[in-house]
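In structure tokens below, several structures.
First subunit A sits with subunit B, and in the next complex the same chain sits with subunit C.
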Partner chain A sequence: MLSKLLDPESVAVVGASPKQGSVGYVILENLVTRFGKKVFPINPKYDEVELWGRVIKFYRSISEVPDPVDVVVIATPAPTVPKVLEEAGIKGVKAAVIVSSGFSEAGNTELENWVKAVAKQYGVRVLGPNCIGVYNAYSGFDTVFLPAERAGRPPPGPLALISQSGAVAAAIMDWAARRRLGLGFLVNYGNKADITETELLEGFAADDRVKVITIYIEGFKYPGEARQFLETAKKIAAKKPVVAYKAGRGGAAQRAVKSHTAAMAGSYEMYHGLFQQAGVIEASSVREMFDMAKALAMQPTPRGRRTLVLTDSGGMGIQAVDALEALGLEVPEIPESVAKELKRELLPFAAVANPVDVTGSTTDEHYKIVLDALLPTPLFDMALVVTLMQVPGLTKNLADYLIDAKKYGKPIVVVNFGGSELVQRFEEVLEGNGIPVYPTPDRAAKALWALYKYGEIRKRL
Partner chain B sequence: MLSKLLDPESVAVVGASPKQGSVGYVILENLVTRFGKKVFPINPKYDEVELWGRVIKFYRSISEVPDPVDVVVIATPAPTVPKVLEEAGIKGVKAAVIVSSGFSEAGNTELENWVKAVAKQYGVRVLGPNCIGVYNAYSGFDTVFLPAERAGRPPPGPLALISQSGAVAAAIMDWAARRRLGLGFLVNYGNKADITETELLEGFAADDRVKVITIYIEGFKYPGEARQFLETAKKIAAKKPVVAYKAGRGGAAQRAVKSHTAAMAGSYEMYHGLFQQAGVIEASSVREMFDMAKALAMQPTPRGRRTLVLTDSGGMGIQAVDALEALGLEVPEIPESVAKELKRELLPFAAVANPVDVTGSTTDEHYKIVLDALLPTPLFDMALVVTLMQVPGLTKNLADYLIDAKKYGKPIVVVNFGGSELVQRFEEVLEGNGIPVYPTPDRAAKALWALYKYGEIRKRL
Partner chain C sequence: MTHPIVSRALSESRGKLREDEALTLLRAYGIPVPDFALVKNEEEAVKVAEAIGFPVVAKVVSPQIVHKTDVGGVIVGINDAQGVREACRRLREVVKRVPYAELEGVLIQKMVPKGVELIVGAVYDEIFGHVVAFGLGGIYTELYKDISMRVVPVDVEDVWEMVREVKAYRLLTGFRGMPPRDIPAVVDIVYKFSRLIEDNPEISEADLNPVIALEEGKGAYVVDARFILRINY
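The block that comes next holds the complex of A and B.
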């Protein structure tokens, strides 16, 4: 069922509207202009309207739609929702996305219970209410009622996001779009009257296009949910990385969680323990979650924790070592004999320790020499490479050498800091070829840590 | 003397060259095209050369220069430097920037000692050798031998950077230029044969254009330096915020520091204690250093630690509270009576606790209502405002309301996440009017923490 919700062939939009700026207008525009499959606008006030350069036929009700409908998107006022859902049930629709608000989050718990009862009776699974719903970058199925000028749409790619907060999800969308981060799927489940994060997790586990699942969670709502999540996540994490960020940790934050999603924030320690047990990698912020997810989607897991630091800036190398050591990763020294050999091929002032500092007078080739000499050896499990492109001797060809070093089967992440065109193009080429790039050494170190951590999780589960 | 080094009226460049791509070429280009004052290229190989659309006159030696020279930039091979420095001393030049490398960093300690002796004999103060020197965004005095395509030049502004690493400084320049961050001065002192970070600190303390001093340090080199730094920093920090990042903390990192700058990294705890005592605010990364410096340059210090969180996203509000609490700042509840009053003017679903969640259905006016109701009261010392512009009701006018709220004299920082044009323009307006903007709640919280911390430091010193 969830595959239909996340990737439908036909969608009806109840409350679709030709009135610019309305929720029903934005959703209709999303679907008509970008969803490659069947769309049925439902609104008894309209018959045929010309919109976006084509004639759009409106239906009076779902029952009038001639074809089968996979998903109904409901954007009508809260009191009308149970009836609309009933019609959808009678039509045989299997999933509904209720974007309308005015349910339990506004104190109308009875109305929400009514929706639940109807859903149960007709076997319609419900996402929401009070949610922004689903964004599927592959098919263009998109119930997010925010126009693209406000919330950009990210390109297809290996990451999926399950978010308890609609606004956080929308902000992440916009940010991912700007950075061309491949966020292929995004779901916000709002009040969680029916479909839970655990089920969504299963849905993404079953989709081969999803390589890494990210979860933004404030707190579970119902008894037994934590246990369910644990059991499911454990099975999934053995095959696919799951990264989670739990918001609401301290006292005031938990008060805020309660007021925001009526979730039982519970003690933060409970969630921390749960993630540990389930093999879910925990992030300490949204940004860190995507830093780690990007690496997990692009790179293999390392066999151990021994990290080579290769840099053209001594200072950046030191910062990288600081960050790696703070995370419990190792930065072992290079054996004298190996260092001696390598020193002959580098600049006289290059420091062949760990970090290997090829210095600001480096050329692209020196990076290649070091990677070829050290990555294939059993001395190192992975590499953090600092490429400050501000030094005069580096060119975009360096990207080819780094990409070529993927052949050694060991994780490589890159630190690149600055803002010039050269820096940006270099990053695009690397990320387009599966090497994640970070602006600061601590973020790159955390990405390597996530790869190491996931390797450990796989061994354990 | 240091004011002459940082802001000279006339500069001689020994080793200036019309050969594109050479160090002497880039420095000459910087100065001829952007430095508004007198430049004297020194190179016996040339007489008059047409460059950058004008005729450049070269001098055979410093002694031939008809006018007084404030600073000599030396970019000739290391063995020639003592003689050049002597000529400069005879000419009466008071400061030299030696960008040439090949001294103690390459094992040539004797040559460096010779330079020191000459400098002492003639009373020439020396920056370097082996440094990128000075960038002054106000006058365009710029000895950084990296072309602007590689390392962008930031606009004038209230921040100054003292960096032990040349490459880190160049990368920061490039990054600040891209973000239009007002980094008015930058100095890298290389081998530190003469001028130390402590003296540079004094130099920036004396310049009224500098509002916040940032320091990137790997380690002191000479006995007694730590004590000098402590005494000087203490005096300065009472008047002007100083933010420092110490690289090289763990064991492997200290090994790397030693190899990079021959500095005695010493135990990290020593530096941590030193900064504490001196009233220097410590950052845990370069990025954090500038996050804090930006806030310190734009905003007043708060009277206490009680923070109002105002948000249109419950989820972001929770993340903000998490971050604030983790830093020891307070997020007190709003008294019942005040909340009741305020609730009447907001949307029915708005949560008037702390965070105040105006919800995704907010308009610009709701932010104004909350700020006007709560910021002037004695309940709060400062505000963290989350403005996710992805929600439909917010416009760029919100910036005016936030800027207007500066009249309450309490620190305000903004969290804005996403990538659309609207988001970017909104940020530009805010930062142009003294309200710092951060992409994530943890970074904004740390900025408020820095303001609070600096308020405490001023009280103490």
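The block that comes next holds the complex of A and C.
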């Protein structure tokens, strides 16, 4: 069922509108211009309207639609929703996205209960109400009522996001689009009258295009939910990394959570414990969640925690060591015999300890020499490579050497910082070839930690 | 399966277990508690203390007295029969001073040597169900919010993680010349306690406070325990 919701073949939009600026207009535009499959606009006020250079036929009701409908998107005023849902049920539609607000979040619990009852009676699964719904970058199925010029749409890719907040989801979508981050799926479940984050987790677990699942959560809502999440997440995390960011940790933040989501929240320590038990990797911000998710999607897990730091800047190397050690990762020294051998091939003033500092006078080849000499050995499980491209000896060929080092099967992350076109191009090539790039050593270290942590989770589950 | 001690308390509409019941329940789950007995008079107290072996502790048992230490209801370091008699008399005085308090008896308990004091707890949350908690005893747990929690049931690996997770873990591994503590014994207590909570879902809140961790190989003991029940479960 969830696969129909996330990846439908045909969609009806109740409340579709030719009036620019309305919710019904944006959703219709999304689907007509970017969704390659069947779209049926429903609005009794219109018959045929020319929009986006084509003639759009409106239907008076769902029952008039000649073809089967996989998903109905409902964007009509709240009081009309139960009736519309019933029509969808009679038509045999299996899933509904209720975009409309004015339900339990506004104190209108009775109306929401009515929606639940109708959904149950007709066997329609409901996402929402009060949600932005689904964005599927692969098919262009897109119920997000924010115009694409305001909230960019990310390209297809290995990440999926399950978000309790619609606004946070939209902001992440825009941010991911600008960075060309492959966020293939995004779902916001709003009031969670029916479909829960746990079921969405299962839905993404079953989709091979999704490599890493990210979750933005403020709090569970229903009794006993935490236990269901635990049991499901545990099974999924053994096969696919799940990264979560729980917002609302302190006292004041928890009050905010309650008023925002009407969720009855356990304490933050309970969520933390739950994530640990479930093998869910916990992030402490949205940015960190995607820093980690990117690495998990691109890189293998390391066998242990011993990290090689390779840098052309002494200062960046020191920062990297600080960050790695604070996270419980190791930065072991290079045995003297190995260092002596390596020193002969590098610049005389290069420091061959760990970090290995090839210095600002380095060339691309020096990076290659160090990686080829150390990464295949049992001395190291992974590498953090700082490439400040501002030094004269480095060129875009360095990217090829780094990509080539993937053959050793050990995680590699890169720290690269700057604004020149060379820097940007360099980053694009690396990320296009599965090597994640971060602007600061602490963020790269956290990404390596996530890979290490996931390796440990895999061993345990 | 609910333990008879819990069922009996519920059938008598008691929302709380007595001290001796709490310790017996722990013992039934293999959780180490120092030898103890609930006595009704001085003579019995002396006999029990001699059987257990000195030093012992005497604690007032009264349903109306929740914070025993605050009213002078715990007398430690009793080394002989004379001390036991004196303690019994003092505890009777304590009960007289607390309005409406009735003396149900005196708990004589073998005194546990000094060690690192820990707290193990459980709470029922509507969303999470039963959750177990672990932290260092005393004021620091509250001050630094240095506490770890897990959802019941836990496995042994979960417990190791929750014990290692608290900052106070270093006190258990040996810190500033202090000896390392019996960490496997602590883990065993938390694990068995989680089983106890799982079997007895009528428990809405419980603390084992303090749990005293002795030196490596010497075990850990629950010295005091409090169980609150949901009467209308």
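Quick note on the criterion: the second predicted complex is superposed on the first by the 461 of 461 C-alpha atoms of A that agree within 3 Å, B and C clash if a C-alpha of one lies under 4 Å from a C-alpha of the other, contacts with A are read in each partner's own complex, and residues count from 1 in each chain.
In this section, contacts are C-beta pairs under 8 Å (C-beta built on N, C-alpha and C of every residue); 3 or more make two chains touch, one makes a residue touch a chain.
Being a predicted model, the structure only gives us computed values, none of them experimental.
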Original post:
Should A:P223 be classified as contacting the first partner (subunit B), the second (subunit C), both, or neither?
Top reply: second
Subject >> Partner chain(s) touched by A:N354 [first = subunit B, second = subunit C, both, neither] >> reply: first
Original post:
Is A:A171 in contact with subunit B, with subunit C, with both, or with neither (first, second, both, neither)?
Top reply: first
**OP:** Could you say whether A:A339 touches subunit B, subunit C, both of them, or neither, answering first, second, both or neither?
**Re:** neither
**OP:** Examine A:V391 and indicate which partner it touches, taking first as subunit B and second as subunit C; both and neither are also allowed.
**Re:** first
Original post:
So, A:I403: does it touch subunit B (first), subunit C (second), both, or neither?
Top reply: neither
Subject >> Partner chain in contact with A:L327 - subunit B first, subunit C second, else both or neither >> reply: neither
**OP:** Report the partner of subunit A that touches more of its residues: subunit B or subunit C.
**Re:** B
**OP:** Identify the partner contact of A:G273: answer first if only subunit B is touched, second if only subunit C is, both if each is, neither if none is.
**Re:** second
**OP:** In the complex, go through subunit A and note every residue touching subunit C.
**Re:** 219-227, 230, 264-267, 269-270, 272-274, 276-277, 460
Original post:
Okay, in this complex, where on subunit C does subunit A touch?
Top reply: 125-129, 131, 133, 145, 147-151, 154, 157-158, 161-162, 165
Original post:
Considering the complex alone, what residue numbers of subunit B touch subunit A?
Top reply: 21, 101, 105-106, 146-147, 149-152, 163-168, 170-175, 177-179, 216, 218, 247-253, 255-257, 259-261, 284-287, 309, 312-319, 321-322, 324-326, 330-333, 348-349, 351, 353-355, 357, 360, 388-392, 417-423, 439-442
